Amino acid sequence: MNQGIVDLPKAATGRSGVGHSLALRLDAISLSFGGVKALADVHLAIAPGEIRAIIGPNGAGKSSLLNVISGIYQPDHGQVWIGDQRFSRVPTQRLARLRVARTFQNLALFKGLNVLDNVLLGRIADRKATFVEQLLGWGRARREQSQARERADAMLDLLHLKHLSNRSVNSLSYGLQKRVELARALVSDPKILLLDEPLAGMTAGEKQEMTRFIRAARDKIGTTIILIEHDIGVVMGLSDKIAVLDYGRKIADGTPLEVRADQAVIDAYLGVAHEESRAVEV
Amino acid sequence: MSTIATKIWTTPRLRAWLAALALLIVAYGLVPYFGTTYLLEAILTPFLALSLAAVGLNLLTGYAGQLSLGTAAFMATGAFAAYNFNLRIHGLPLTVSLLLAGACAAAIGILFGLPSLRLRGFYLAVSTLAAQFFVQWVLTKFGWFSNNNPSGVIDAPPLSLFGFSFEGPLGRYLFTLTVVVILTAVAQRIVSTQTGHDFIAIRDNELAARVIGIPVLRTKLLAFGLSSFIVGVAGVLWAFAYLRTVEPAGFNLDRSFQIVFIIIIGGLASIRGAFFGAALIVVFPVILSCLGSWLFGGLFDSGILDMSQRIILGLLIIIFLIVEPNGLVALWDRLSQSLSSITASKRNHP
Amino acid sequence: MVNFDFAFLIEVLVGGLLAGVMYSLVAIGFVLIYKTSGVLNFAQGAMVLFAALTFVSLLERGVPFWLSLIITLAVMVILGIAVERVVLRPLVNQPPITLFMATLGLSYIIEGAAQLLWGTQVHGLELGIDDTPFEIAGVLISKFDLVAAAIAAGMVILLTAFFRYTRIGLAFRAVADDQFAALAVGLRLPQIWAAVWTAAGMVALVAGLMWGARLGVQFSLSLVVLKALPVLVLGGFDSILGAIVGGLLIGASEKLAEVYIGPMFGGGIEGWFAYVVALVFLLIRPAGLFGQKLVERA
């Protein structure tokens, strides 16, 4: 029995009532590329409105985990529960309808559009007007446009980006671009928000602001947030719970205090070889 | 009074409208009076037809990021479709033939665009090349398309609209101009809608587009359809108004490349760019041959002209890609930007 | 099906396979460049034309065979270096599509230059291999095609040995694998790219000679590149073995289709059949038979 891992009660299987109380759940997710195991038997259970951080040394499989949740990778084994729906591969094109939104590690803004248009696109899941209606600018298209515009403006306001609405995203600093990406993710009112290193490359001041926005998202809209982040200080202060990955395995899962004191976690970060944490199959 | 003028001059949108209006006045009002037959027939009409084809391709490649090397095939589809509809359905108005031709081209475009679900970049280009070769073969091989004409070259029908005949260089020019103006306006409208933004999103980051919920395949097929419609109509104009014959040979791979060059030189993802690029492509061989015969006299025969054209065209592509990847449009904008700031400062410091 | 002419089928098949080898000759040039720099060199066909034209024109002016060969090789080296300096270096960080367009422009320049320099007429090319067909077990095989196959095989063996046993070959492979790592160990990329393009130029020369001997040296030679694309799709853009196998498959299926399906449509399928095959293949296996499966790391 491993001392560092907090055992979560195993949910009963086979009943559709399972997972109702959880916003997101991962069951025994395994994933390999060629001979490298990116994820090995990862379990995760996240309550609604929780801020869950995923940390771990480089190459631990954190981004892979997010990619599995957003359906970009199909796990070799295991299942993903979003709300009470179960998937062996999450359908990426339905993510918006499942009210899941995400940001990317390397920024995924649309460089050919300005800030406002990028954020506006976040509302696409609510767009019902057909192409022809848009072309002619008829009733429904016009209404949807102005509604989306309102929401986008409000979000830009919230994130202090209003004055940059017409700027091309290329001309913004890295930190600001990341904020625009967050705005685009938030504008769709997601139930679950996946953030892949949202604070990377930011100055201390920018990090503070961004942390505030992330917390506000949960506090104001009740979004469940899963974030990958390297800045341990921020992680400790922001998250409700932390899951720690190393070599594709989850080696710890608990409150910040618990995780900080966990020996396995300390060893992983210091690079000490640990029996349980070796998961690479060559 | 001068403040209104200043307002128009300094607001980009108003300036654009004004410029468009001015161009239309020149195109409809001045050119017919002062334009020579040569100008109308050999320069303006082909320029307009190629511009429209480039507008169409730009929608697909510039805005939606789907590379197509088969533009000429869709032009050919449009031309032959229009010819056959016009021939076989008596009394069919030319506008209807045009629309139907565009629809046929759109259908073929969507068909060869289906692989775009799984293919990107040059792999998709391979699919469009398949379209290019296959369509050309079908149109050449099956005489039905050419009304079983033994020479394989058919004459385009005369242009007429609502009983008005658009014959002669001026008539054909005006017909072409009108069609191009209308479809360009439509294209401009398309790119300003949310769907137009969908195109750009797919081009810039298809994965993110999928993640936020843009229906990727549907949008790509829409891009193929719209683009091919416009390109098909451009093909009709090229055959009916400019060449006045309909034959597969003029819609070969070189033509496809020509349209690609036009949008690269003119500026990807820019409606204006199509016109800039087409202007250069149409005008530069003329300039080159004048220059050549002036400099080298009789030595400069057509073979040398052809080859020099090829070399210079290739050079232009590479130069633009290196120096100004955003094309002539970007150069133009920078020029007008510095011009307006010069005049602005002149006004402020008289 | 008792009267089915199997001998004829074999003949067509063999003919197709050997024709396919000719495609492979061109495709190998593509693979060299794509493998090491990720650039799809649309100008490969133009390079074939240029090499062949230069060689043939020198021959016609009375330059002895081997000297012509050496001079042409030297010209291709210069071309390779020039391309790297003038086209590749300025575009080094651009997306692959931009580089592809650049090679499109390059193909126009090289085609134009070749014909401007040496003229646009067709030149016959005698390589001293006479094209007499001979019989094996009732099947007619062209001697020329066999020689072409032998040459292609020889080239593949040379290239494989080169990549495995020489320092430059090793450098090529390193760059093909990971440009940044190669930079980190001190490999000079510009030199390597110039070398790669030169090697591709030499491959183009061999291909040009073979194709020229068969078709005559003329402008349509540069269109051979269009057939090489389906070959690459089938074989994978970064595999020399794939170029061979792909060439064989395309050559064979094309010939078979032309002979057996062609008459239903009045012939001429060869123009697009290869592309349709490639298209179907792309939808089933996008990376090609031997290409590296691209893992899209989001």
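By written order: A, B and C. Residues from 1 in each chain.
Keep in mind that, in the parts below, contacts are C-beta pairs under 8 Å (C-beta built on N, C-alpha and C of every residue); 3 or more make two chains touch, one makes a residue touch a chain.
This one's a predicted model, so the numbers in the text were calculated from it and none came from an experiment.
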Farthest chain relative to chain A (centres taken as mean CA coordinates): C
Innermost chain, taking as reference the mean of every protein Cα atom displayed: B
Geometric centre distance via CA averages, chain B-chain A, whole Å: 43
Centre-of-Cα separation between chain C and chain A, whole angstrom: 47
Separation of mean Cα positions, chain C and chain B [Å, integer]: 33
For chain B, residues that touch 2 or more chains besides their own: 207
Touching two or more other chains - residues of chain A: 72, 104
Sequence positions of chain C contacting 2 or more other chains: 296, 298
Residue ranges of chain B touching chain C (in the complex, touch as defined): 67, 115, 118-119, 121-123, 125-127, 129-130, 133-134, 136-137, 140-141, 207, 253, 257, 260-261, 264, 303-304, 306-311, 313-318, 321-322, 325
Chain B-facing residues of chain C, complex: 40, 86-87, 90-91, 94, 96-98, 100-102, 104-113, 115-116, 120, 226, 229-230, 233, 265-266, 268-269, 271-272, 275-276, 278-279, 282-283, 286, 296, 298
Complex contacts: residues of chain B adjacent to chain A: 186, 189-190, 193-195, 197-198, 200-201, 203-205, 207-216, 222, 269
Contacting residues of chain A [partner chain B, same complex]: 70, 72, 92-97, 101-102, 104, 108-113, 117, 120-122, 124-125, 127, 129, 131, 134-135, 141, 145, 184, 188
